[in-house]
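Presented sequentially are two complexes of chain A, the first with chain B as partner and the second with chain C.
Then we have the complex of A and B:
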């Protein structure tokens, strides 16, 4: 029997889109906050903490958006901080909210995340500004080229071809058709993936998550309250000079997902999970490229190393499988950077509540693993939720 | 039962360019803090919490200084303020997520301060058309409180000069020769604090309580007073009366301007009977004249812990740290520490 750290009282997200011209950043936060409180049936005056996940800020063009975007929101008078761990920010912020509640420092903490990716005409260019141009970059190239190295090494090591690898995004895009919040809701075929333009071989455009605007909110309360429980967290940082680690044989953790596996082991230990294949009923994992989902499945111990792609081709990890992975369509179908980790928590919560609508998995789940990765495999976060 | 949290090590340094490397400074203060905590194994750190604004190399310094992924193997960045990062570190320990946390912050004020990155903290389509950049907001704050008879510009200038002299110290620490009363005096700085669930048999400092309050970029017209923000933060502590009965031996404050800082101190000084220029107030020189962004207050926290560290004759000595981060100090955190028999 695992120990409940805190409870998910309410969740909300807005439909993800490339552009959301009808909203300002503050609008997004306000609307999603209101919806999360309505979902929890909690009055705004009963929220005594607020955490904002926002990173990187360069896409928004405002350095510290909390000074103008939080006014009047529930818990804003007791703002507990902005969290910045790149695409892991949402999950890290959720973990911190659980820590504040678990420590008795606050009773109800609202976690908010939003992104307006269209504020910048060049999202990739904006993210590149994140690095100091006058110092040696910590990684060569951008995300696509880095994960292309990862994907090609994985294919070579496990005897896989591009067709084997395409099963991930085809599965996710099919799942996304039933997700009313997904940005991409059209199913695709393996042939379409293979025929899409190469970004950095072997990664193709349809292997990658889209540029996304969106917002998400989770209200966290004490362990004793009814709702989905957070029962374990684990993290791992292997941040130092990624460029030097992107050579097979030098440091395999970039290629085999073993850093994420370390985070998973930590989370499992806290949650009392020693056999994830038997004890985990679903997973929502952050994967901005298909290769990341395969590595996450293996890191979470849901398949043996190198087997995830073949198993997926056989139907494992699909929505009707024993352990569905990204039944929502995952980041393949929409991934606002700051909120994508929080959306994993929301989707897992909806599944555990049995409220996921058309994307609800068939077998009533009791437990879920969620994961997120910050940077280029530099920060790893795993959380365990239980019904 | 939630246990206590102890500060078992700390270090800080400030400087101006010239033989100064922020990466080296961060690395050195972390090593110094670990040494003062008598921690010789990196494995003894469970989580690293960092603070440094995005514009002031918030993330990349963690990599380039070698602390990210080297200590603790878990990294959480809370860039909004030193107080927020401190709160995260304490909550992670209190909730059982960590036994020992390394809290590190930094800022390259001399590199970015001239451009004052605070001007992009507001929505350009909302506040800036009326000229509400950080300097204008500070002037508005000063005007309102000066008109209310709270403080004169002369007082603020005197305070800034005194704090500047104190921060420069007898050896002439590298600071600008004249401290401004309505602008941050940008420096490069770094600080590191080691917090633990265990005093490890040392003369540790106990975290008695902390609380945060927050105001938006442009507060309500009647709500510009930093002293009131400090009172709000005290009211948000786990024990809102935590200050009562605490015998303060030191107060440290950090705000973006000397004007804001001295007004914030007014919230606590009446109970001590000290003047704002008392030697027990801001032995560090305060944060306004040694400002390196949101992490600045970690230096004040380091000084406060040092001020009450050491053997005492059975009494409990307390220290208070006021962190007012943001363009005019809107992100306010109050931290109360105690030592002596309590540890």
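Then we have the complex of A and C:
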């Protein structure tokens, strides 16, 4: 057993949906916090820290809506933090909560995330406002075109075609059928993926995660308490300029996931893992597009560089495989931006507890790797959990 | 950029009721004025475009030449000021095809990232003349191309595009 940093005391998530019109953002935070504390059997008065994981709030009904909820949330009055690293926010916030508890600065820190995708149709416009207005107007401001550039290079380098790449989302959507929290619960075929509208070649609509409303919570406690243990973390940040990460022999991290591999090595070193293929039993990786899952599998050392797509086509990484990846269906079955990294933690925790219901993997897992990516492959987070 | 003008947040719109679920929403939209400061190297960069020249900047911490230039290095945590001529030839590092259509019926385009000769990063632009009906646009990755300037550059990003060279790198 590795050295424990902290313990996952309780987890909760709301079913992911396109619309959750019955809840305000404040409601979502409060309800999911209640559920996580109930899961942990911990009273709200015994929580002494709160970290909010947040994504852009410009597309919510009111901007910065957490100010309408803060005072009543467990731990907020004693230690309060906010993390905004885009889609990695949830995992980053979990890492910081574990660090805070592990350092003895608090006994129980709650991590919360919520998103309401139905409050504005303008997410793409909001994300494009991140772009430097002096950058080339042809530079991709949206995720689909950016990851299409990544996928195109990956296919060319590894001799893959669109059919090879479609295996990822087909596997994930089949997994999502058994996930009662998933937003998309219909299996799809490779032919349906290939026939869906092209967003930016080679990415098609069915390659992409949907816009999602949802909420997630994790209560973190000291290493000595019973529960799933956090045993390692690693992170990395690189250039905002995608083009600076596309250069052979200098920095190809935008194409080969080597930044995420750096974060993984750091996490593995802390957790005492030197052979991930033997020591990791499952992975939950943030992948809003299939290409991100393939790069994550390789970065986590679960396959050699460039062969993840072929292995997946052969059945590796499916729920019944030796190392299942995204047995929950992953982000392509639902991905509230603020919470999607935290949901990776929750799903891994449920698997390690043996409480994942119909999506539980057959072989009792002892360890899990979780990962998340923020921005256009710029920010990387990896965590290791053990039963 | 957000639209300039008017009040920061218009909450004067009538309340709307969603017939599907009978929940009440208040409609709002943003109208905020913003100003964004240009990097101090960019006026020289855009002035060079008017002369049909491409400039990158050397990172003193590692010798890399970055295109387009900016004045502070994320990688080296240092100030960059040495402008360096790059291109016009280069290599396509990756590309995608953006479909046409939409409300303005825009044409399909090939968006490429090209590493100019003399640069250690790739810059974005449209690739013309290669056809937008290629079955596998990724087959063009690794091909040499060049920046082609329009006759009367205005000193902005629309001054040049990429066209393929005949040979493969």
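The definition used in the following text is that the second predicted complex is superposed on the first by the 361 of 387 C-alpha atoms of A that agree within 3 Å, B and C clash if a C-alpha of one lies under 4 Å from a C-alpha of the other, contacts with A are read in each partner's own complex, and residues count from 1 in each chain.
Note that in this section a residue touches a chain if its C-beta (ideal position, glycine included) is under 8 Å from a C-beta of that chain, and two chains touch if they have at least 3 such contacts.
Note that the structure is predicted; figures quoted are calculated from it, not measured.
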{"item": "Which of chain B and chain C A:21 touches, first, second, both or neither", "value": "second"}
{"item": "Chain B versus chain C as contact partner of A:64, first or second or both or neither", "value": "first"}
{"item": "Which of chain B and chain C A:96 touches, first, second, both or neither", "value": "first"}
{"item": "Touching partner for A:202 - first (chain B), second (chain C), both, neither", "value": "second"}
{"item": "First, second, both or neither for A:236, with chain B first and chain C second", "value": "first"}
{"item": "When both partners are placed on the shared chain, which of chain B and chain C touches more of chain A", "value": "B"}
{"item": "First, second, both or neither for A:76, with chain B first and chain C second", "value": "first"}
{"item": "Partner chain(s) touched by A:277 [first = chain B, second = chain C, both, neither]", "value": "neither"}
{"item": "Which of chain B and chain C A:150 touches, first, second, both or neither", "value": "second"}
{"item": "Doubly contacted chain A residues - partners chain C and chain B", "value": "58, 61-62, 132, 135, 138, 238-241"}
{"item": "Sites on chain B touched by chain A in the complex", "value": "2, 47-48, 53-55, 57-60, 62-64, 66, 68-70, 72-81, 84-85, 87-88, 90-92, 94-97, 117-118, 120-124, 126-127, 212-214, 216-217, 232, 236, 238, 326-327, 330-331"}
{"item": "Residues of chain A defined as touching chain B within the complex", "value": "5, 24-26, 48, 52, 55-58, 61-72, 76-86, 92, 95-96, 98-100, 102-105, 130-132, 135, 138, 233, 235-241, 262, 378-379"}
{"item": "Residues of chain A that touch chain C when the two form their complex", "value": "19, 21-22, 58, 61-62, 119, 129, 132-140, 145, 148-150, 152-153, 155-156, 161, 197-203, 238-244, 246-247, 250, 255"}
{"item": "In the complex, chain C residues that touch chain A", "value": "1-2, 18, 21, 23, 25-26, 28, 30, 36, 38-39, 42, 64, 66-68, 74-75, 93-99, 109, 111, 113, 115, 120-126, 136-139, 141-142, 157-158"}
